[in-house]
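Following: one structure in C-alpha cells, then a few remarks.
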Amino acid sequence: MRIGVFICHCGTNIAATVDSHGLAERAAELKDVVHTEDVMYTCSEPGQAGIQRAIREKGLTRVVVAACSPQMHEVTFRRCVEDAGLNPHLFEMANIREHCSWIHDDKELATEKAYEIIKMAVAKVRTAEPLFPNEVDVNKDVLVIGGGVAGIQVALDLADAGLKVTIVERETTIGGTMARLDKTFPTIDCSACILTPRMVDAAHHENITIMAYSEVDRVQGYVGNFVVDIKRKAAMVDWNRCIGCELCVQKCPARGPDYFNAGLAETKAIYIPFPQAVPKRAAIQTDYCRWFQQGKCRVCSRVCPANAIDYDQQDTYVQRKVGAIVVATGMDVFPWEEYYPQYGGGRIPDVISGLQYERMLNASGPTGGHVHRISNHEEPKTVVFIQCVGSRDEAVGRPYCSSVCCMYTAKQAILTKSHCGDDTDVYVFYIDIRATGKGYEEFIKRAQSEFGVNYVRGRVSKLYEDNGKVMVRGMDTLLGHQVEIPADLVILATGTTSAEGAPQLAQTLNISYDEFGFFKESHPKLRPVETNTAGIFLAGACQSPKDIPTSVAQASGTASKVLGLLAKDKLKTSPEVAVVDQSRCVGCWKCIDVCPFSAPEKQELRDGTSRSHVIETVCQGCGICVATCPVNCISLKGFTTDSLIDQLEEALLG
Amino acid sequence: MSDEAVSSERRRLTFADVELGSSIARAARYAGNPYLPETATVVEIIQETPNIKSFRVRFDDEQVQAGFSFQPGQVGQLGVLGIGEATFAINSSPSEKEYLQFSVMQAGEVTIGLHCLSERDKVGVRAPMGRGFPVEEWKGKNLLYVMGGIGSAALRATILYTLEQRAEYQDITILYGARTPVDLTYQYDIDEWEARSDINTVITVDAPFPGWDGRVGFVPAVLEELAPAPANTVAVTCGPPIMIKFVLQALQKLGFADEQVYTTLEKRMKCGIGICGRCNLGPKYVCVDGPVFSLAELRDLPDEL
Amino acid sequence: MKFLARDQLPTLLADLSTAAEVWVPVKQQNGVVQFDRWAPDVDVELDVFLARQSPKENVFPQTETYLEYRYLMVCSAQRPEFTDQTREELRQLVESEGGEVVAEVPPVAQELLLVADVGGGSQGEPGLGSAAGMDDSAQIILGLRPCDARGLSQMDNVFGGYGGFYFDPYYNVRRNNTTIIAVTCRTPRSTCFCRALGGSPAGTEGVDVLMTEIEGGFAVEAVTPKGESLVERSVFEKAQPEVEESAVAAKQAAEAGVNVPFELDGVREGLKAGFDSPVWHDLAMRCISCGTCTYVCPSCYCFNINDEIVEGTGERFRCWDNCFNPMYTLETSGHNPRESKHARFRNRFSHKFWYYPDKYDSLLCSGCGRCIMYCPTHVDIREVLRTMSAETTAEKGEA
Amino acid sequence: MTDSSGNVKIIAIVCNWCSYAGADGAGTARLKQPYDFRVMRVPCTGRVDPLLALKAFEKGADGVLISGCHPGDCHYSEGNYYARRKFELLKRMLPHLGIEPERYTYTWVSASEAARWQQVVTNFVTKVGELGPRQGGAL
Amino acid sequence: MSGAEIARQDRIRELARQALTEGKVDYFIGWKAGHVPSEVIPAFVRNVDECDMLLWNPLCHHNLTTFLKRKMPDPPDARIGVCVKGCDSRTLVALLQETLVDKERLYVVGVPCDGIIDRRRLEKAFSDEVIDIAFQGEQVVVTTRGGETKELAYEELLLEQCASCDFPNPRYYDDLAGELLPQPEGPPRFPGLEEYEALSAEEKDRVLADAFATCIRCFACIHVCPVCYCWDQCVNRSRRPALVGQKVAAKENLMFQMVHMFHVAGRCPSCGACDRSCPVEIPLYLLHRKMNKELFEMLGFQAGLNVEDKPVFQTFNIDDALGEQ
C-alpha cells in the first residue's frame, strides 16, 4: 500500500495557523505513507496536476488531501485522482481548515491537531476499498396509481416525453375529485371544461394505457425494475365490447347509491358515473343488481347492442414491469357524520357536505345545477357555511388544515348568490381564512365585498331543526356575542382526509405514511415528491391536502423527477451502500425491520437457508442496519466499522 | 504411556534440537521458532483474474532465498504484519530460485490485505509446510491433472516440476476448467502448454461466453468425455469442493483405484505446524500430514471434510 | 522422604520466592479459588479440593505475544535530508528496543520495517528470542493436584515436538523453568476419575515434588532431580518412619475416594467404531457448544493466532481457542467441516482419547473432572466414554 | 471564547448532513473552539452503534460527543430516532461502568446552527477538561 | 418438597407423556437429576417411559429456551416440547417477538416457580462436595460427600433474583403445570445493584476491572444466553469487524460483555442464565440487570412480556422523551 498525503496551505487560510510544511514532514512517518507534499493551493490546476503526477511517479495507491471540508472539495479531488487512474474512493480528505485552522489561534496546538486529523484520514484511507457505482438496467415504463387530476397530469407529462405510462384507477373512470366539482376557485371556471379535455387526451395518448376499475395488488422489485401485479375488478361488462351507449343504464330497474354524487342521488345498478367518463364503460354494482341478488332480470343483457354484459366475469390479474411508480391517489372527504353529533350527525337533511353541494351546483349533477333544500326541494333563502369541519380540530383527531375548504367555501358562497339570487343571505362561519395562493385573498375579498357574503368569525356550537329551519347557533368571536341563524341550507366545509385504503396501499408499496394516512415524502423540503423508497414518487393530494393548482404543479414536478430518473439507460447509484457478509448473516431480519428504505431483502441461498441481501440500488447508505445487525455482518462501504475504529485509534493513541 | 515407553525416534524435541536464530523458512522442521515469519518483499504482482492475484516474493535475507527449497504441493503461510496470515500453495516451480509465487484469491480479511499490497511491500512468509506430492513415486507413469478455478494454484508447482522432468513421465494430460474464460489463471502457462505437443491440454469453461471458442462444459463432464485410461495413470485433482466431489465420482466410474488418485485439501489453518489443533481430519493434520492425500488415505479417515 | 511442618509452609514459600516466582491456590474475593502469585500476605488455600482452573496458564498463557513489530516509513524522494534523520532514529530504536531491522529498500520509497521478535529464547541463549518480551524467569507452582500436573505433562508432547514434530519455544521456555510441587488430594470428589486413566490422587507424572497432607504437616517426596534439589532446603525435616506410614495411609484413603467409572480399554476403539454413530447426537444434545470444558481443562491446548495493529505498531499473538467454537474450523468460503454441534462435541472426546493417543502416545485427559463440574449443563465425560466404548461392544456383537 | 487546551482527548462523532455541516459553518464563521476534540464523520447517527462510543472510551477517550440532525430532520428520516434510544441507554450505563456522566453526551445540531455547534463543543470540552484525563482502567 | 411442587412435577410428566404419545413433539425438554442428586440437568425425553425422570424442584435453574434458539435443535426442524419458568418464558417471548423461533414447532409447558436455589452460594458454605440437596417444606437438607448434613431455610438460599421475582408465572405457554401463583404487585424490582450503584466512579472502575480481568472468554455466557441468537457467528469472535480485541484482558473482556449487553438489549429479561454458567463467577448481572433497570426507567420497557411487542431498539417513538442536550 502506498499512500500519498498532500497538505494544503490554502494561501494563508491554513498555513497561518497550521504549519503545513512541518506536517508534510511528520506525515511521512506514518505507516504506508510513501509520499508527502505541502502545496499552496491543492485544489488549483497545478495543485491537482501535482497530485496526479505523484500518483503516477510514485505509484501511489491511496491519496489523502489535508485541506478544507470534504463538503467543499471532495468531489473535486475524487475526480482528480480518478483522472490519474485511481479509484475515486481510495481518496480521503482531512479537514484542517474549517475544523482546525479557522477555529484556532495557537499555531503549535493547531498544528498538532491538524496532524491528528491527518492521521485519522490516513487510517481511513488505509482501509478504503475501491468502490464502483452500481449500474442497473432501467425499465422506462411508469405506473401511475390514481387517475385524478394529479395522476392525469403526471401521465400526460411523461407520455409527452415519450415514456409509456399505465394509469391504474380504482373507479370506473378517471378524473378523481375534480371531475365531481362544478367550478373551481379562484377563477370560477368550469371544472369539467378544463378537466375533461385532459381526460380525453390521456385516453387517446398512444403512450398511455388506462386501467380503470383496477387496483394494485402486489409490488416487487426495486427502482428501475418494479414488477406490479394489478387486479382488474370484474365489471360484469366486457369492456372490449361496451361502447358506452348507456342503453343498459336507462333500462336497468335496480337502483343503488351513487358515490359519484356523494350520496346526493341514486344511480342504477349498472352505471356510468358521468357522461364524460373516461373510459366510458358500464359496470354492474352487483350488490344492487337484481340478477345477482334475486336471480332474475337480465334486462341489461337483453338491451345491450354490443352484447357486452357478462355476468360470469371474474377478477383478472395482469402484471406490469415498470421502472418507476407515481402514487396519486388523492384524498377523500372527511366522514363528518361520525364525528359531529352536534351538527346532527347526518340526520338533519338540510345539512350537507361541501362535496354534495358541489354536485348540487353542478349543471350535470343530480339536481341539474338547481340549488334546493333536501327536505322540501325549495330554493333556500338563507344559506350558512361552516368551515373547518374535520380540519384543525383536535377534538376529532384532525389537527391539520385541509387547505382547500376556505377557498371552496368562498367559491360556493359566490355560486350560491349566482344560483339563488343576490337576495339570498349567505353566512360563512370561519376560524381563520387561509388564502395563500395566487389571487386567493382577492377572491375572498370579492366574495365579501362584491357578493355580500357575511363572514362570521366563530365556531358553530350546535345545529338543530326547528320549525322547518336549521338553527345555527354559534359565537361571533369578533363581536363577542351569541348568534343564532335560522337557515334553510347548511353546508359544512368538510375537510379532507387520505383516500380510503391509503395505509394498505402504502404497505403494499413499502412507503411510509403519517397517522392520517397521507403518504410521507422523503424530505419535506428537499425531496418533497420522492418517497423513501427509491423509484416511488408522490403527486397530488395523497401527500397532503392540496388544491388543484398545487396538485398539478406538484404533478409536473414529479414528472420531471421521474424523467430525471428514467433519462438514463442504466441507473448509477452511490457505491457507499450497505453490504451483507452472507457467510455470517444469521437471518434475524432486524435489518429489514429498521431500514427506512426497505433495501434489505431475504435471499434464499442454494442450500435452502435465507440470508439478508441489500439491494444496492435501493440502499441510501444511512447505515441504520449496520448499527442494528447483531452479528455486525453488514458493513457500510466507505464507513466500515473497522475504518471508524481505526480512526478512533489514530485520534486517541500516540 | 509414560516417558519410558517412548521409542527413541519418537522422543520429544528439546532446545538442543533447535537451530538458533532461525525461522521455519530456514530449516523446515527442526527449526528454531516456527512461528517467526521470514520477511520477504513483493517483487511482482500479476493480476490473474478479477479476484486472483499472484505475488512473487523474495526473501529479504539473500542466504535464505538461496537456500530455500520445497517439494511441489507444499504450502506456506503468507502474512501481512498487522492483518494476519493465511495458507497458500507455493506455486512457482521448485527450480525457480529468484522468487516464490503464491496466488491469492480475494476472500476474507487476510486476502484482502494481501490484495492491497503493492510491489516493494513487505510480507512475512513461513514455508514450506506440509507434505508435497510423491512426484518421485510417479515416475514412469501417465499423469492426469484435473483442476478447477483457484485449484490450479495448488497444482501448478507440480505441473511445472513434472514438465521440467518431462522425460521421466509418460503421457501428461492437463484438464483445467473455470467459470468463465476471465477466471482462468496462468494464461501465460496455458498458452505455452497448448503450444507443446508433448502434453494434452484441455481447457474448458462452464458456460458459453462471448468470444470464447474453446470447450464448454463442467470439468467432471469433460473428464468423462475424455475418458482417460486408468492403467498406469495417476490422477491429481484440486478445485472447489463440489467439483472435487464429482471428479472423484467420474474417476471411479472410469476405473481409477483409490491409490491412483491424489488431491490436496483445504481446511482452516492457523499455526500450520500441527499444534493449534483445528485442521485435523481425525488423527491427521492437514498442515503436517497433508495437504496432499491419496484417496486411499482419505478413505481411512473420518469423513469430516 | 521429608517432612514439612504445617506452620513452616509460609517459611517455605518465603524461601522459595527468593529464587523464583511462586504460584499457589488463593481464594479470591468472590470465593473462587484460583492460582495467584504468592506474597507474604497471601493465604494459601489447600483445603478447597481443586482450583477453579489448573495452572495451565502459567506455562501456556491464555494470551501470548509472538512478535511485535513496528512500521516506519520514510519518503526520501521528497526530502533526502529526512532519510538520514530517520535512519538515525531507527538505529536508536533498534538499540533501545532490541529489535532487528529487517528491511531497508532504497531507492524510491524508503520503507523500514522493524520487527522485534519477542520470546522463544531460553535463558542465556540469545538469538532465538531477543531481549524484550518473553518472561522466562523461574517459577514454582505449589498446591496443584497430581491431575493438573499430569495434564501439563500430557500437553508437553504436542508443544515439545514429540516424534519430531515442531517444537514450540514459547511453551518450552516456561515449562523448563517451572517447578511443580503437587499436593495429594485429601478429599476427592464424585467427579474425579483419574484412576480410570491410570492416574492417582497421589500420582507423580509431571510432578517434581509431591506433598501429602498428614497430621501436623506434609510428607514430602522428590520425584525428579529438580525436586531433589528443591527438598534440600532446610525447612524440610528428615521424615520419621511414621510420616511415611501416614503418607501411605493418606494416599490409600484418597485412592479409595476415587471411583473408576469406566474401563479405559476399548474407549479408543469405541470412538473409532462409533464415529458415525447416531449416539453422538443424543450425547451432545444438552451441550451448548460453549467450550467452558476446554478452558477449565488442564490439558486442552488449542489456540488461535491473531494480529492486532495500532498506529503502525502491532503484535501477533496467540490466545486460547477451542474445538467447540463454531468458528474454529469455519472456512472462508463459509463451509464448516464441523458445522453441527455434535461434530464438534465428538471432536473433543475423540481428540483426547483417540487422535492424540494416535499421534503422541499419550492421553489428553487426566481425570480432574472440571469439565463435568463447570459445564453449564454438566455434560459428563464419563458418560460419553462409557457410552462410546459400548459402541465397540455393540459393533462386535453385531458382527 | 477560551482558546485553552487541556490534555484531554475527545471524540466527536457527527453525522454528515447536519452536524458536520454545522461544524463547517462554525469554521467558516471563524467561531473559535477548543482544541481537544477530533471530529469523526458518519453518514447518520443511525449508523452509530453505541459500541463505537464505548470503543472510543476503551481506546482511551476522555469524552465522547455524538451529534446529529434534530429529530424529524434526519436526512434518512428515521436514523436519529433509532439512535437516540441507544444513545440514551449508553448515557445511563456509562456511569455504571465507572465513567463520569459528564464525559458523554449526545445532541442535535443542524447545518445552520454554527453558533450552537461552537457552544456545544465548548461546553462539552470545558466540562471534560475540568474532570481531566480519565484515570480508570475497566474500560 | 411442597405439595404444589409435587403437583407441578406430576403435571410436567403427564403433559410430556401426552405430547409424546400424541406425537405432538419429537422430544420434550425438561429437567432431570444429574450424576449426583444435588445436581439438576436438562433432560431430553424421547420416549414416554422416560417421562418419569423429569423432575421439578428449586434446583431446576436451567433456562431451557436456550435449546430452542437457532442452530441448537437437533435435528433443526425438530418439534420440541419445552418447560419454561417465568423468567425463561420471557426469553422465549423475546424470541417469538422477532419470529426467531418457530411457534408452530413448539409445545410450551409453563411452570409457575417459587424460586431457585443459589447453589453456588450454598456450596461455598461447605468445604466438602455437596452431593444431595433435599427439600422438606420450608427446609433444605444438604448432605456432603463426607456425610455431613445441614438443614437450612429455603427462603435464605434463593437466588437474589428469585427472592424478588416479578414474574413467578410464565408469560407464554400452551399448557400450565400447576396453579398460577399470585402476581406480585408494584413496580419491577432490580435487586442486587444498590451496593454497587452506591460506589464512586473510581471504585466502580476498580471493581469492574478486577472482576473482568478474570474472564477466560469461554463464551459460556454467550452460548447459554437464550436470546443470543447468533452465538455461532458471534461478533466477539470475529475479526470482521474488529470490535473486540481478541486478547484476553480486563478491557477487552469488558468490551466483550458490552457487546453482549447491547446485542441483547430489549430482549434480555435478566434471566440470569449467563451468571449461573460463568465458570469463574463474574457478576454479569451487574451489567444486564442494570441495563434493564435503565430501560424501564427510560421507556417503561420490560423485555419479553408480550409476543406482540417489539424490542426497544427495533422501533422508536417520535415522541420519545429522552435526555439529549
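Letters are used for the chains, namely A, B, C, D and E, taken in the order the chains are written, and counting of residues starts over at 1 for each.
We adopt the following convention: contacts are C-beta pairs under 8 Å (C-beta built on N, C-alpha and C of every residue); 3 or more make two chains touch, one makes a residue touch a chain.
All of these numbers come straight from a predicted model, not from anything done at the bench.
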Q) Tell me, which chains sit next to both chain C and chain E? A) A, B
(Q) Moving step by step between touching chains, how few steps can get you from chain C to chain D? (A) 2
Q: Give the label of the chain whose average Cα location is farthest from that of chain A.
A: C
Q.
Please tell me the distance, in whole Å, between the geometric centres of chain A and chain D computed from their C-alpha atoms.
A. 35
Q: Starting from the mean Cα coordinates of chain B and chain E, work out the distance between those two points in Å.
A: 49
(Q) Can you work out the whole-Å distance between the CA centroids of chain A and chain B? (A) 59
Q | Residues within chain D bordering two or more other chains | A | 49, 55, 78, 82, 86
Q: Identify all positions of chain B at which a residue touches two or more other chains, and write them in rising order.
A: 84, 108, 121
Q) Which residues does chain A have that touch at least 2 chains other than itself? A) 2, 59, 594, 628, 632, 641, 645, 649, 653
Q: Go ahead and list every pair of chains that touch.
A: A-B, A-C, A-D, A-E, B-C, B-E, C-E, D-E
Q. Which of the residues in chain B end up touching chain E in this complex?
A. 84, 108-109
**Q.** Residues of chain A that touch chain E when the two form their complex
**A.** 581, 584-590, 593-594, 628, 630-633, 635, 640-642, 645
Q.
Give the list of chain B residues in touch with chain C in this complex.
A. 1-2, 5-6, 9-15, 17-18, 20-21, 29-37, 39, 41, 60, 79, 81-85, 107-108, 111, 120-122, 241, 266-268, 270-271, 273-280, 282-283, 288, 302-305
Q) Can you name the residues of chain A that touch chain C in the complex? A) 2, 24-25, 28-37, 58-59, 119, 582-583, 649-650, 653-654
**Q.** Parts of chain D lying in touch with chain A, wherever the complex brings them together
**A.** 3, 5, 9, 11, 20-21, 23-24, 26-28, 30-33, 35, 38-44, 46-49, 52, 55-56, 59-61, 75-79, 82-83, 86
